[in-house]
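By letter and in written order, the chains are A, B, C, D and E; residue numbering begins at 1 in each of them.
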């Protein structure tokens, strides 16, 4: 009785290494759970799952090479995209060429999907679905907030989301008083912050990866920069951020595509969100964040599609994915015509008392949005 | 044309038959091999012949990738883009060389390194032209015209052709007055000055030659992967690897550079396949071992054996 | 005797140090000029300024009526000015022949084949043919000095600066070297000879100039110069003065 | 007021840069070896501080005293065991060797510490002090102080001590130094050890300020490069001056042209310096 | 003529027996025998490539001996490290000066005293002693040694050798590139030092100078000592005159 091979190119070394760790945790948890349950039911035949990893060294061309290696050399049946929109997009040309169904678990920008590819699917909604609800809450809770300062890492995702934020803010009649980019590997933000401080903003919106945001938060404290609203993406979604930023993180808001506080009753192998979180805790002694969950759900989605198709035939599985309309621990999953998920409503949350508290949407809300960040 | 060059050329020529046998992935490896060979051979002109430790390879590559890439994105023909990138790199290098090459040793090394950094940041911030941090899409649609496997072999053959071109030119330079002059400069620049070598001009030429083909490779590469972003094409490793390859093959020898490139990539691929967690470490280990026990590179193996033989006689 | 080179008030500073001070000098075609002076007087610096290694801080250098003050070394070389280095400067890894061939080629020779022919000649002339194929690094000092000479000659110069070519040679070897110098001069090459071995200077030079602290302090026939009091005090020393007077 | 704040930020940052670069500059200028492991050494120092604080409760100031001899020994051994075999070889060989070694070291750190970011959070936090309208974080001030003391010590060692003079002599002419009775091998090793010790201590200090991760090695290395070219190779005071210049340029540059240009600016500056003043601000000629 | 104090010949300070040495493939010294008597100036002459420098470098431990014996007042020292040899009191002023080019003149001199454990005061005294022998060095004490003229460098090199307070000073190519006046001063200086008890072994190309300076001399050729004896006699020896003086000396 054979196994089903899934290929997963990861940035295990290089700049994105921290992300690779999360992805791998997510995929492994899914694979272990499936195999513990006997495997995937393919037309009545239980087949075990095997995930083949390669390291693409945080380097996009290597990611493409890795994808092709997995498909042609390792003969994987299905593929998980490499991390982020850029690499996912580059690699999608390969999987499309070989007709291998591919799920991107961390690609949000719509340019990835509007290439007219048939075999690419993604679990992240477009970036504006994060910034719009945020803006709505702020407008509603603090009508006085007018001056927005944006500081973005000059890098694909962080920059894209910052630009969305600019749009959302303007649409709601706020004016963006500062919009600065900082270079990758910036080791000091004091000047940018001094400028922001001088513009006395009501809302400070900063994007980047954990290390950037941890450093930023620290230097904000160093310069005693305070504001009614401080939002950071994607740091606060990660437990490391909360640990690293310490008490200074209080009331920092953020948004992401998923949150452990969510309460969905899924028909996937993990079932409810609680179950997933429990399983994750049991395995890794920490709370899952959206990156890990997305990796897990990507596997779960493949599983559902395969079981529905009852075969490993790539085209058939692809059609099942395209037609899919299910509930999962990740939330409702339905892919739009481009392959990007359309059904998801990303939660907005805030760090209160050293914990993340969901403040939106209603069904999974845990507390109210608080103002004032020191 | 000595025996070594003959062997080199026949070997490289034979490589051209790869599309007949290889499937797409082998082709991809082949393309990378040719690309790095171009880089190593080019570097050898400034680094090996003239003795100036240049770290500008990444700068040339990135420049080529973006200069050509932007043109391609705007719909220019591949050939045009490549020619443009080459010309740009050559001109830039001539100008830059005139100033930078007044520096020696480490100072030059760092200056050339900084060039790549500056270019990267400039590319990063020239958002409307290059897409900046968002990367640049190059919808060069060869796949539809020549088909899936066709695309792979197309770019392989293109890169292979570029390697041949590079080799022909570089070997010609080696034999020429220019090559002789560079050797003199490497061994004693002030003495070279004194016998009438126009050091500044010669060095600039060497620098430009070390850039032009790399830039062309950059454009080809951009067209090949359809999507480039600054951190990828200005990657410092593009500067370091060719040097390691040249050292591996044997400093100052064109044959060595090619051998080094192929050997290095072979090792890297094997290590990369077999060690998920520790492949960079293993690679580092191999580099260290090779340097300590084969300091004069692969081409020196033959010589060593000869010497041993001589002793035994 | 027509004038080949003219120095007009040439000066050169190194930071606080005035290495050359208003050196005005005329070098006639075909003469063998001796340039002597205490250590650190500025002899080598003068050569460096003329050949463009250092820029003159002030003054002009005129060669065959052309102002070459701003010429770079390779330009002076191609215009027929050759020099040997006080601290010999071979291309260590190149063979002795290649060393000389390079000189012939880049100083304006036509083609590698021709250059090699010239090189072979010159090696024959300085008597290094035997080691033509050895790497320059393996030569002894005396041989390296002769290699310097061969290189300079291969550029078929009009004006040749010899910076202490005899230093480090024993008397017998100096003998041979002097023979060579005379032959070169005989061939119509103008020579400026920088030397501390007075016996050499006295016997080959038609005229001697003396440099001290960067300034010219004497200029004349050998006999005049060696009997000049200042020269004796600054350079030759009493002992030599005795010997000279005994000799006279 | 605004400019004053920027000025202060720049100066403080500059001292940290100086502390990053001092050891690197020493090894480069003196051994003529570009030690690409320098960045990783610094990161290791940070991990040492992190571990010592969280598991043993040592404050970073105590850890400094441990780090210095520890890293000195490590550097000494690396040099004696590996680099010494190729120290006479061309620049590029030694460079590539350290490149290979760094690959190993960094991979080892990835396995040992995982890639995720850690922070050393002192309890109680050191906080900040307000001077008029200018705010300065205390931890940076302290780090700055230590940085100056460390580089000062290094300077004295090189200038005044026998070892220091021997180190320079060896770098200039090994045979001649041997004739003076200098033991070349151990001198090289000592110099490399000093460099490593500086890196380790820098790491300990920076642990207070920057997130800790194997990935930080590269940016640290980059700064070291720039600083020691600006300041001048092998010149320790040069490292301080270079650091200050870089710190100020980055701070004011970020203000004038926007943060994303700060890096570009510093590298452009580096090229200009190389061309017009290759010996750096305080560098000695002859180190080219 | 040579201004030299006539003193009873001392015992052998350094004795070399059948010394062999070379570089890599090539053998340069094929068994050299010579002795340096305490308190004397001994000269070593011979054509280029004879092996004079190699001999000195072998004695000072820079080049490993491949055979033979070197005894320093009774003790065997072949194969000792340069540091040890220097510590025993043998200083070597190498061919081509080999100064620390980027260091100041004074730092060069101080390096000369590297192995000696002495305080500031004593160091200063020794420096002053050198400066009185070579006043030019005092002027240039802070100039980078590499930028000095050939002659200035030679003075600095000798000064550096003296700074180790040696019992035996070995100088390679004593007068190389020095003006006659300076050579004269240098010779006086060496004689003075010699009167103070310093033993000197000198390689000198100008045979007349060499033989006038020294008490006894050795003639080397292709790695062997071909002749030796009191300098006076060698100076008169027709063979030597023929080989190394040429007609000029006549």
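What we mean here is this: a contact is a pair of C-beta atoms (placed from the backbone, for glycine too) under 8 Å apart; a residue touches a chain by one contact, two chains touch by 3 or more.
Keep in mind it's a predicted model, so treat the numbers as computed, not measured.
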Graph distance between chain A and chain E, where chains that touch are linked: 2
Most distant chain from chain E by Cα centroid: A
Gap in Å, rounded to a whole number, between the CA centres of chain D and chain C: 49
Chain centre separation in whole Å, for chain D relative to chain A (CA means): 36
Whole-Å separation of chain centres (CA-atom averages), chain C against chain E: 29
Where chain D touches two or more other chains at once, by residue number: 107, 222, 260-261, 263-264
Where chain B touches two or more other chains, by residue: 121, 124-125, 277, 280
Pairs of chains, among all present, that meet the touch criterion: A-B, A-D, B-C, B-D, C-E, D-E
Touching residues on chain B, where the partner in the complex is chain C: 177, 180-181, 183-184, 187-188, 190-199
Residue ranges of chain E in contact with chain C within the complex: 45-49, 95-96, 136, 143, 147-152, 154-155, 173, 176-185, 205-208, 243-249
Residues of chain D defined as touching chain E within the complex: 162, 165-166, 168-169, 172-173, 175-183, 284-287
Residue numbers on chain D that touch chain B, as the complex places them: 28, 32, 34, 82, 85-86, 89-93, 95-97, 99-108, 111, 222, 225-226, 229, 233, 260-261, 263-264, 267-268, 270-271, 274-275, 278, 288
Sites on chain E touched by chain D in the complex: 60, 62, 81-83, 86-87, 92, 94, 98-103, 107, 110-112, 114-115, 144, 146, 160, 164
